[in-house]
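Chain lettering (A, B, C and D) follows the sequence in which the chains are written, and residue indices restart at 1 in each chain.
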C-alpha cells in the first residue's frame, strides 16, 4: 500500500524553514534557540506521526519535481528510512538542549551560523532518509556535506581549517569521483534509479563491472568512513562537541552507511548480490575496517579521537551486517543504526561535558574523574556497554541479530570478526571507566568534590543512556519498523 | 500588425531600434540611458519568452524577412534550440543591464549612452546569431557581436588594450575562416540558406571542397569560442575588461558560439556527414578532453578569481564541444543544456564577483578574507554559482554534467568521463579555497585577531541581478526535466 | 594540372590569404599585423568576387527599355541570365568590405591606445613591459 | 615561434588548396554558384522590384536584412571608436596644432568638395540603375567632408559637422533603415517588406513600392556611412582630442 502525503516533506522543511529566523535573530540568543527547539519538536512530532502508517505495512510517497527522464525528485518513507529519521529527529531535540548548554558555557562565536547550519544539516539528513531514488539521495547527501562544512571548521583556527579541508576533500572527492559515475553507469544500464524492493539490477549482467561498481558505491559514500577513506572523521573532531555528537556519531556518518544500505538493498538487491558472489567482497572490506579501526582506537589518547575510531569500526559493522545479504543480517544492520546512535551519542555528550567542566580532552587526564563527575561517567559507562554490545543495552540486540545473520549466511569468519571486535571495544572503553572510578587516591587527578558540568550538558547524556537501556527492554520498537520494511522488500 | 506572427523579428527589432533611441536620447539627457536600456531588455526578454512559448505550442517558426521565399531571401529559423538560447541571452542581458548602472556611472559618467548602445547592439548581434537561418547573415552578425565586444572589452584600462588587440586579430581570423568556409560551401552548392544547403550536402558528401568548408567553419568557430588550442586570447581579454563587460561577455560569447557550431554541424552538414568525416584516430572528443584538463590546470595556478573563472570557461567550452562530438543523443542534450546552465552560472559568478570588486576594488583570492561577513548576500550568490560549477545538485551544473557523463559512458569515451570528473573536483578545490578565505579569513590570521568587518553590501541594482542569477541556477536545475522534455528532446530527437 | 590552369585564380588568392595570415601571426609590429589582416580580408573578397565571374558576361545591370514607372511591362521581359555576371557575391562582399573597414578602424584605435600605454608598437617589447 | 607560424600557415594554405581541386572551373557559367540563386535573381529581380541593377535589388531587398546589419556594423565602428577614444586625456605625441595649408590646396579643395558631394548624391540616387548606392555615395560624401577637414583643419571641419551631429545622424541613418522595415510591419507586411508600403504611397503598386523602399534605405545608409567615415577620421586623426590634427 502506498499513501500520498506531504508529511515527509513537512518533516524535512520544518528545519529548513527554521534557518531563516535563526539567522535573522542574531541579537537575541533566547529567541533564536527557541526556534531551534520549536523546529526540532515539530520535526519529531511529524516523524512520529508517520510511524503507525509504516508499522501498518504501508509506505508514504511524494513526487516533488521531475528532474531527469524517469528520475524525479521523490520522497518515499519506509521502515529503514523511518528508523533513521526517528533516531536523527529525536536526537536533534536532545542535542539542541546540549548544544545550548555547551555553546553558552564555552562562549563560542558565530552561534547563529552554528545553529543555522545545524538545522540545514538535519533537513538534509531527513532528506536522505526519505529519498525514493538514488539521485534524490545523492542531492541531499551533497547538501549535507556542504552544510556541515562550516560546522567542522567552526573554530576557524588553523587546525579547524585543515580539518574542514580534509572533510570536504574526502567527502566531495569520493562522492563526485566515485558515487556519481557509479550512479550514472547504473542509470545508463537500467534507465531508472528508484529503489526497488529487490533491487533494479535483476536481468542485467554486469560481469567484471559489478565488483567495481559495488566498491565505487561503498567508497563513494565516503561518509560511511570505510578504511582507507576514513581520515576525515578523526580530522572532523576539531568541531565543537555537539557537532561531533550528533553529526559525527549519528547524522552524517549514518547517512553514509544508510546510503550504502540503500544501494545494497534497493539498487543491487540482496539476492542479486548473493547470486553473483559479492557478499564476501563487501563483508571483508568492511571487516578489515572493523578490526583495523578497533585496533587504532586503542592507541588514541584524545577521547574524541578514540570515539571517532570506534565510530568508524561500528559503521563498518553495519555495512558488514547488511552486506551479509541475509534477512537477519540486514535487520540487525539497520537496527544497529539506532542502537549504536544512542550509545555513541551518550559517549560524545559525556566527552563534551568533561571538556566543558574541566577543559580536559585526553584520556590520560581523566584518571579519577568519576569522583568529580559521577553522573557523567555513569552515563559514559552505559553508553560504552551499548557500543560493546553488553546487556542491558540495545547494542546487544542488534549485534545478536547480525551474528545470527552471519551464521545464516554461513560466513564463519565474519562471526569471528564480530566477536574479536567486541572484545576490542571492551578493551578500549572499559579501562577509561575503570580508571575514572576505581583508582587509588594517589593516582586521582581530581578532588572528591562533585562538580558536574551545567545541567544542560548533563540531562542529554542521561536521557540517551536511559534510552539505550530502554531499547534493550523494548527492542521491538526498532525491530518491528525494520521488519516492516523487510516485508516490503 | 499581427504581433504573434511578427514576434520572432520583434525580438531583434525592438532592441535594435531602442539602441539608436538610447544614443539619441543620451545626447540630451544621459540619465535616461540606463532606464531605457533596462526597459528594452525587459521587453526583449518578454518577446523571447513569448517566442519560446509559441515554439513550444506550435512548433518551429520560419520567418521570411522582406517576405522573400527562402533560399532567395533571408529567413529566420526559430526552433526549440534557438528559442531556448535566445531566452538565455535575453535573461543574461537583462541581468547585466540592471547590474551595469553603478559601475558604469562610476567609471565613465560621460560616455554612458555610448556604452549602453554598444551593449544593446551586442545583445542584438547575439540574438541575431541564434535566430538567423542564413549562413552569410550569420557572418554579419558574428561581426556585429565581435566589433561591439572589441570596443567594450578594450575599455577596461591599460592592460585591456593589448589583450583586446590579440582578441581582435584572432577573432578576425576566426570570422574570416568562417567566411571562407561559407565561400567554399557557396561555390559547391550555390546557396546560402542553411536549410537549403543541408538538403544539397548529402549529394556532395565526397567533395573535398565541402570537407574543407566543414573544417574552415569548425576551426573558425573554435577560435571564436576559445576552444583548445585556440584559447589563448580569452583569459587576458576577459580578465582585463571591466566587471560589467566581462559579466556580459563571459557567459554569452562562448556559449552562443557553441550554439552556432551545433547549428552548423548538426543542421547544415548534418550529423551523418560530420561523424563520417571524423572516425578513427582523429577524434574531436580527445581535443575536448585536453581542453578540459588544460583549462582546469591553469585555473588551479591562478591567484586572481576573475582570471581563474576565465580558465574555467575554457574548460567548460571543452565540455560542450566534447558533448556535441560524442555522437549520441544524451551527449548533445548535455551540450545544449549546458549552454543554458553554464551561461547562467557564469553570469551568476561574474555578477557576484563584479559586486565584490565594486566594493573591495580587488578580485584576488587573498583579499577575500571576511567577505562573507561584509557582503553575505553577494557571497551566498557566489556560493550558489560555485556549487553549479562544481556540479553539486540540485544546481543546473549538476544536471549538465549528468547528461554529459551519461553521454560519455554511452559512447564509451571514458577519457571524457574522467576529464569531466577531474574538472569537477578541480572546481571544488578552486572554489573551496575561496570559500575558506571568505568564511574564515586568510591562512595566517587568526579569526579572533581579525578586524571586525562591517557589513557593506553592494547596492540594490547590483544585488538584485546577482541574487536572481543565483536563484535561476537552482531553478533551472529543478526544471531540468521540463527543459529537456519540452525543448531539447524535440531537437535531439530529430537528429538521432 | 587542371588545378593550375582552370582555377589559378583561387590558388592565387589563397596564396595571398596566407601572406596575410602569416603577417597576422608572425609579425611583431602591430601595424604590420593590421596590414596582414587587411590583406587576408581583401584576398577573401577577391576570392568571392572571382566566384561570380562568368565567361562572356557583363555587369549585372539589366539592359531594358521599359519605362520603370510601368513595372508591369517588365514582368514580360525575357532575360538571359548567361549574359550577366552573378550578382550575389558582389552583394556579399560589400558587407565584407564594410566589416573590414570597421575592424581596421577599431584595430587602429586600439593600437593608438597601446602606443600611448607602452610607447611602442612592437609586440615583444610590449610583452616585456607587461611581464615586468 | 616564427617557424611554428610558418608551418601553420603552410598547412592552412595546403588545406585550402586541396579544397580548390574540387571547384568548378573559373568562369564556368554552369557552376552551382552561377546558376542556382543567381539565375533567379537575374531573371526575376526586375519583375519583382523594378530595379535593373540586380546588385542593388539583392542588397537592399532580397538580402536587405543583411544590409541593415551591415549599416549597423558601420554605426558600431563609429560609435566604438568614439567610445574608446573620447575622454582620453593623454596626448598621443606631438602633432602640429596649427595647420599649415597652402592656398593652392585650399582653393582646389573648395572647388572639388561641392563637385564630390553632387556626384555622391547622384551615386546614391542612381543606385537603382547604375553602379552605386548608399554605401558608395556615403563614402564619397564622407570623403568630401574629410577633404574639408584636411584642407581647412580638423576644427574647421568640426564646425560644419559637430561631433554630436555625427553621432546623431549616424544613429538616424540606421534608424531610417530599420524604421522603414518596422513600418512595413506596422502596415501588415513582414519586416523590411517594402511592398506593404504600396497602399500609402501615391500611385505605387507593390513592385514599385519595393523600388521606393530601397531608395529610402539607401538614403539612410548614405547618412550613416558619411557621418561615420568622418567621425572615424576625426577620432583617429586627433586621438579623440578633436583639436587640430594631422
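By definition in this document, a contact is a pair of C-beta atoms (placed from the backbone, for glycine too) under 8 Å apart; a residue touches a chain by one contact, two chains touch by 3 or more.
Remember, predicted model here, so these are calculated numbers, not experimental data.
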> Out of B-D and B-C, which chain pair has the most contact pairs?
Replying inline: B-D
> Using C-alpha centroids, which chain lies at the maximum separation from chain B?
Replying inline: A
> Counting in whole Å, what is the centre-to-centre distance of chain B and chain D, each centre being its mean C-alpha position?
Replying inline: 30
> So what's the Cα centroid distance for chain A and chain D, whole Å?
Replying inline: 73
>> So the centre of each chain is just the mean of its C-alpha atoms; given that, what is the distance between chain B and chain C in Å?
In response: 29
>> Measuring centre to centre with CA averages, how many angstrom lie between chain A and chain B?
In response: 43
> Out of chain C, which residues touch more than one other chain, so two or more?
Replying inline: 17, 21, 51, 88-89, 92, 95, 99, 102-103, 106, 109-110, 113
> In chain B, which residues are in touch with two or more of the other chains?
Replying inline: 136, 140, 143, 147, 150-151, 154, 180, 186-187, 192
>> Two or more other chains touching the same residue: where does that happen in chain D?
In response: 16, 20-21, 23, 31, 33-35, 37-38, 41, 63, 66, 70, 73, 76-77, 80-81, 84
> Mind giving me all the chain pairs that touch?
Replying inline: A-B, B-C, B-D, C-D
> Okay, in this complex, where on chain D does chain B touch?
Replying inline: 15-16, 18-24, 31-38, 40-41, 61-66, 69-70, 72-73, 75-77, 79-84, 86-87, 164, 167-168, 171-172, 174-175, 178-179, 181-182, 185-195
> Which chain D residues qualify as touching chain C in the complex?
Replying inline: 1-2, 5-6, 8-10, 12-13, 16-17, 20-21, 23, 25-29, 31, 33-35, 37-39, 41-43, 45-47, 50, 52-55, 57-59, 63, 66-67, 70, 73-74, 76-78, 80-81, 84-85, 88, 90, 92-93, 128-131, 135, 205, 207-208, 211, 232, 235-236, 239
>> Please output the residues of chain B touching chain A within their complex, sorted ascending.
In response: 387, 390-394, 398-399, 401-403, 405-406, 409-410, 417, 421, 424-425, 428-429, 432, 436, 439-441, 443, 446-448, 477-482, 484-485
>> For a test of understanding, state which residues of chain B touch chain C in their complex under the given definition.
In response: 136, 139-140, 143, 147, 150-151, 154, 158-159, 161-162, 164-165, 168-169, 172-173, 175-176, 179-180, 183, 186-187, 192
> Once bound in the complex, which stretches of chain B touch chain D?
Replying inline: 1-2, 6, 9, 13, 16-17, 20-21, 23-24, 27, 63-68, 71-74, 108, 110-111, 114-115, 117-118, 121, 124, 128, 134, 136-137, 140-141, 143-144, 147-148, 150-151, 154-155, 180, 184, 186-192, 207-213, 215-216
